[in-house]
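One structure follows; several queries about it will come next.
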Amino acid sequence: MRTVPFQPMDPALYREVVRRALAEDLGWGDVTTEAVVPGELRAKGVIVCKCNCVIAGLDVAAEAFQQLDPGCAFDRKVKDGDQCRSGDLVAELNGQAAAMLTAERTALNFLQRLSGIATLTRRFVEATGGKITVLDTRKTTPTLRALEKYAVRAGSGTNHRGGLDDGILIKDNHIRLAGGVKEAVRRMKDADAEMPIEIEAQSLEQVDEAIGSGADIILVDNLPIDQIREAVSRIRGRAKIELSGGVTLERLPELAATGADYVSVGALTHSAPAADLSFELEPE
Amino acid sequence: MRTVPFQPMDPALYREVVRRALAEDLGWGDVTTEAVVPGELRAKGVIVCKCNCVIAGLDVAAEAFQQLDPGCAFDRKVKDGDQCRSGDLVAELNGQAAAMLTAERTALNFLQRLSGIATLTRRFVEATGGKITVLDTRKTTPTLRALEKYAVRAGSGTNHRGGLDDGILIKDNHIRLAGGVKEAVRRMKDADAEMPIEIEAQSLEQVDEAIGSGADIILVDNLPIDQIREAVSRIRGRAKIELSGGVTLERLPELAATGADYVSVGALTHSAPAADLSFELEPE
Amino acid sequence: MRTVPFQPMDPALYREVVRRALAEDLGWGDVTTEAVVPGELRAKGVIVCKCNCVIAGLDVAAEAFQQLDPGCAFDRKVKDGDQCRSGDLVAELNGQAAAMLTAERTALNFLQRLSGIATLTRRFVEATGGKITVLDTRKTTPTLRALEKYAVRAGSGTNHRGGLDDGILIKDNHIRLAGGVKEAVRRMKDADAEMPIEIEAQSLEQVDEAIGSGADIILVDNLPIDQIREAVSRIRGRAKIELSGGVTLERLPELAATGADYVSVGALTHSAPAADLSFELEPE
Amino acid sequence: MRTVPFQPMDPALYREVVRRALAEDLGWGDVTTEAVVPGELRAKGVIVCKCNCVIAGLDVAAEAFQQLDPGCAFDRKVKDGDQCRSGDLVAELNGQAAAMLTAERTALNFLQRLSGIATLTRRFVEATGGKITVLDTRKTTPTLRALEKYAVRAGSGTNHRGGLDDGILIKDNHIRLAGGVKEAVRRMKDADAEMPIEIEAQSLEQVDEAIGSGADIILVDNLPIDQIREAVSRIRGRAKIELSGGVTLERLPELAATGADYVSVGALTHSAPAADLSFELEPE
Amino acid sequence: MRTVPFQPMDPALYREVVRRALAEDLGWGDVTTEAVVPGELRAKGVIVCKCNCVIAGLDVAAEAFQQLDPGCAFDRKVKDGDQCRSGDLVAELNGQAAAMLTAERTALNFLQRLSGIATLTRRFVEATGGKITVLDTRKTTPTLRALEKYAVRAGSGTNHRGGLDDGILIKDNHIRLAGGVKEAVRRMKDADAEMPIEIEAQSLEQVDEAIGSGADIILVDNLPIDQIREAVSRIRGRAKIELSGGVTLERLPELAATGADYVSVGALTHSAPAADLSFELEPE
Amino acid sequence: MRTVPFQPMDPALYREVVRRALAEDLGWGDVTTEAVVPGELRAKGVIVCKCNCVIAGLDVAAEAFQQLDPGCAFDRKVKDGDQCRSGDLVAELNGQAAAMLTAERTALNFLQRLSGIATLTRRFVEATGGKITVLDTRKTTPTLRALEKYAVRAGSGTNHRGGLDDGILIKDNHIRLAGGVKEAVRRMKDADAEMPIEIEAQSLEQVDEAIGSGADIILVDNLPIDQIREAVSRIRGRAKIELSGGVTLERLPELAATGADYVSVGALTHSAPAADLSFELEPE
């Protein structure tokens, strides 16, 4: 579970995906820009917020512009993780006009998606009143996980595991196939000695079994609020507690008040609306 | 602008991206499944709707399971584009238990995202009462455009251009750099003789210029409803009309009533909440 | 159909293919150069025309040299699209001798092929006397389409669609499977509202059907010259007209005189002989 | 220098490039076929020669069809290397109609290019009357070398080295930078003990130096015919002799009569016109 | 730290790297096999141990053969993790002779390397007498980590983290830059709430600091044996203990006797000699 | 067989594999470094030998650091091929602390492996007393062949062929399938006119046949020393002689004394222990 301090992403995490995204949008070339804008024209561009949002992905956006025009200057006016207001100037660019026009949509597609995730995450984090830690999930966009997990951190969220290889989570399907909570945890303990073992519990009975099995974290999934409270009281002190299932901003205060440690929210990455950002160009 | 009939996607459009997505999630291996589920165990799985939604992406989900277990049977109970209700059985699988567990999240990440897009698109299309055609945009997830455009079609939407190379759209930035609507269209006409020329207009003055320039489609962007009505009345018969900017389900009836031909909605792909689908496994 | 003004290619269109081409030629290393040329030696190189030709691909050639030696200076003496004569100096290079020797063949393979296409295209365009527009086709070298379409533009040609996704062309096989011209166009109209619909006609009967179906462009394929003239007179004013099939430089004047709008020539890309260019190096 | 027997290509040599070629042509989908041809329709297709040609690339063409429809039957009626006549049936296909239509152009682009190379090579080989061996060069299409070298073999030609790593050829630029023929060969001998050393000679003086240096093969480049004859008489018995430079079908007999061992022809791969092949589909 | 049960690798972990390895070895084709072995010949092959070893990588070897000949039968006579003796039959193959000859080296390169790692690991594990757990490290061959970690498991070893993203290890360089053990652990605790924190200690002072900081695992690196004993006695019960630095088979018994939990051995993957295996073919 | 002079590798040979290696190690990010080291901190790093070794791969290591921090200065204190002693300073770096920490393991994994190969090679070369040439084989790490062959040269070794396409070697399996030495060589001679033909002989009978067949190089494989001496005396003057099979440092003097030309050693690349190198960082 990775949280603050918030640091820039390694460029190795996004260079290749930006290359693919540009190739996808370009196809065999930008018919409109090539026809309408002279190749030698230089321009000044601005990225501006059209909504209140938390910015994330400036380096990725800059990379998109600079892969088409290595000389393009990208002057950040805010930084990733900043809460911005509608009308705020986000970045100022100077470079070849045609390259900026061609890269614009790709750059914004990254920036708007990542800022949307950061913004929704910040709202969830703020709604907790600091009483519970907001986690993301593996319900991310295929091939963009590293970027989306970064956006969650930009929004002050905390990352749950990043893949099947870097965290143990025994889910309902594992339990069913292993023949029960106890057996599943036993097998897992045989297999890995150090990583914390997290197991899903979908009923109070399973909660009890999970406690008995010696799991480190119990994921209380999809229970009604009174059963969640009961689950928390049974688990407290014996394992960390994560809540999940139908978590909304509205329900967050009551979930936060239960005393659980974590609440994981798939919506942070699978359902965050894009932030609204505009790009405007004018000749130098 | 691509619309019905709705056809399956060519596998060449998704095989490689599924491979990348599995690699992303797997890292160096699925620690939980390898520990908890015996390699030789076979199981039966079901994908079930947990919400009302339009399904899209069954072939992509099947591909994810079958890349890990080529012998995995994937029996579709519905087909892409079908309106499903919460509780409906979507597909039944039979194969290696471990492979299904490992592929589950990747398969669902595709299926939930694409079904989310199809579902939102269907809602927009239905809200039009058939009076206006709902278009998507290039505001898609980087590297997933072909799949998301397909999901829009599954939701009965119509695809606007797929990239910078397969449609002409002269936007505000092009106009500003070219020195005006007229000059931009003139340059474009010199450059391409057959593709329809679409141009953005952000005021009634620009609408008039666009009409005068001989554009084929005029994109009326972000005007108040009364000015949209006026724009439509000026353009009608001289060019096709596309509306955009802040299009919501609530505003759709009044936009549809203007008599414009198209309304384009970035939200279909950049802000569609994922459809809720579950995957459940049990030993054979 | 993309034509002038002629603009430089986005580097995103060729960087990766140059990387692959160098890897293909290098294998595990250049045995001759490593043995014969000291690593620290610097040299001056010149690219010179050995035939009259239209140059295309200078940026691609420069990229090949600079991927092996980022400090290699590549001084263009002409620019893409220029008509050159045998003996003309095309570019002057300064950099590491070994890197230039190793990159030479890859750079020239691109430059000679693209210049060959530009040269043949220019000959076709000039043979039209300006009376008909010369189009390329999708009969390009697999994986080099964007570059070859660019070379056609460098030769003053006009690009037909770049792929299956950015233009509609209902060919003989589509017609046969759809059950006739009329039905094929009807289905296409149902499916796409704005892109111009082009349909192939291989007889005067099909020409009449195509006119009746409301197609935007009729591709008159492989008819004798008198039937072409008849076809043009029937179509004129009702659709644009493209001619194809066995188009040679010799036949071009009579085809141009028919009054058709376009003539498409697969040979521009599938059969253009390479331009003859040499690369000579000497120690600084 | 690789010659007969002629064997099929390893699929590992073309699977990936076919994947890339299909992706290039498909973009985000085949708008025409999806609209016009029902997904469930099956069809029978035939590939037919429209010219006299030597076929090469049937496996590659089959791969293109089968990547889109793994169940597509591809029944070869001739085999690579066969001399075919206009009208000959090359292959018969049975499978999904839409997949065949979508793959058609990619399959034919490979098949026509490779058959064009095989055909031109066969003409050169036949023009030699068996008196000299016809070699290709590294002047191949970037990223298609393995396929084009195979096509040369299909045309009964012989392959020169395939890349910078699998043969030694000291060219004029190497000689100039090394400070002369003698020094270049000396360095090369120090560096590699077993591969034959080939060196270019552009004058009779250089021929003498090359003989004196102990090179294994002397590439007599671009000399007039009488000097070629003189060069051959000086070299004979002391090294193998390869001729190059401006080799045409017309000049081949006189070159073959010189008694040289090899003649290398860049045109085989850089300037071979595509063979004319058609693909016709009809409903089953 | 991933240990038993030992399960097969997901094919998604090796399919692509096998493809790259074959392409690397094949270049533009196998000159020897194509010349010497008729394409239609079928053969029977056997893989045989030439040394005592633990086998690992049979699925990877089979994949290499089957990528060149999908119909090649690969009949396993032993399974990964089995201890074999010199002379044992490992697998029997039936398929195209040429494909087997071409794939042979690639298949064996994988199998010999992975079996070498499994064999060395097994020796280390056995030398511990079960008193300490043998871990691998991140000192693996670039791009082969998942395979090499699998081979360690095949040899009964236990995997340490697989990458920078799936385990926390604060090393000497981190400590120095953070300004000390305490501060480094404090920052790490702020940043991640659940993954166990491991920290390196290179002196008894650092051991004390590490204990005081609340680390979960202390990596005692490169201390003399008496200081290791002292370190273990100080740490025991307060954190898990991992030993590293110059671990040899000879030193293992005394290290195992210290009572530490883990010993990590870079040599398992960076210095394991390949297992000796042969491949023999004969005509069917 | 490629030997001196020793030249730097073309960056095109390692840039892509370094990118893949970093991606492999990074996964979705370096959890430890991001938590513990402030992003803006700069540091000075040193690479130091912890053993006597021959260095190889400095450019590759530098590339790893500079892909994460293009501004990272990498000051070489020794050069590839230098014999270093434990304690020697290899390189000094200045750049972003976090990037150096993240790249460290990848950079060292390359450098240690390649230096290990160079070191072992140098030992073999020195043990020959200059009386026989030490060759590598194709028994290299899959996907790292170009780098490992370079490391062999750095260790003063000589490269045998780099792949199946750049050298002819008729091995026991080829012979068996062809029906004998004579027939195998005859087929090979028909197929390739210039590359030297090497053939394996596993008995004195096969040696005689190989001589009789006119092979250029005879690979005497796995014979006892007295038979090797006999083989050499029979072959001498009629073909070059390569020895292989169970070559150890101990046996090298007696093999060198036989008068054979070459000895090939798979162990150079498949079993070289990694060189021990450390990386230490401190704040600037």
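Note that the chains are named A, B, C, D, E and F in the order they appear, and that numbering of residues resets to 1 at the start of each chain.
The rule we apply is simple: a residue touches a chain if its C-beta (ideal position, glycine included) is under 8 Å from a C-beta of that chain, and two chains touch if they have at least 3 such contacts.
The structure presented is a predicted model; accordingly, all values stated were derived computationally and were not measured.
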item: Farthest chain relative to chain B (centres taken as mean CA coordinates); value: F
item: Homomeric contact chain A-chain B: same or different residue positions, threshold half; value: same
item: Comparison of B-E and D-F (more C-beta pairs in contact); value: D-F
item: Centre-of-Cα separation between chain E and chain D, whole angstrom; value: 43
item: Chain E and chain F: spacing of chain centres that average the CA atoms, whole Å; value: 21
item: Whole-Å gap separating chain C and chain E, where each centre is the average of the chain's CA atoms; value: 51
item: Shared interface positions of chain C, touching two or more other chains; value: 2, 5, 26-31, 34-35, 102, 145, 162-163, 165-167, 187, 190-192, 195
item: Residues on chain A engaged by chain B in the complex (per definition of touch); value: 17-18, 20-21, 24-37, 41, 43, 97, 101-102, 104-106, 108-110, 112-113, 116, 138-145, 162-174, 176-178, 184, 187-188, 190-192, 195, 266-267, 270-274, 279-283
item: Chain A-facing residues of chain C, complex; value: 2, 5, 7-13, 16, 145-146, 149-150, 162-163, 165-166
item: Chain F contact footprint on chain D (complex, rising order); value: 1-5, 133, 158, 161-163, 165-167, 187, 190-196, 216-217, 240, 261
item: Residues on chain B engaged by chain E in the complex (per definition of touch); value: 19, 22-23, 26-31, 34-35, 38-39, 67-68, 98-99, 102
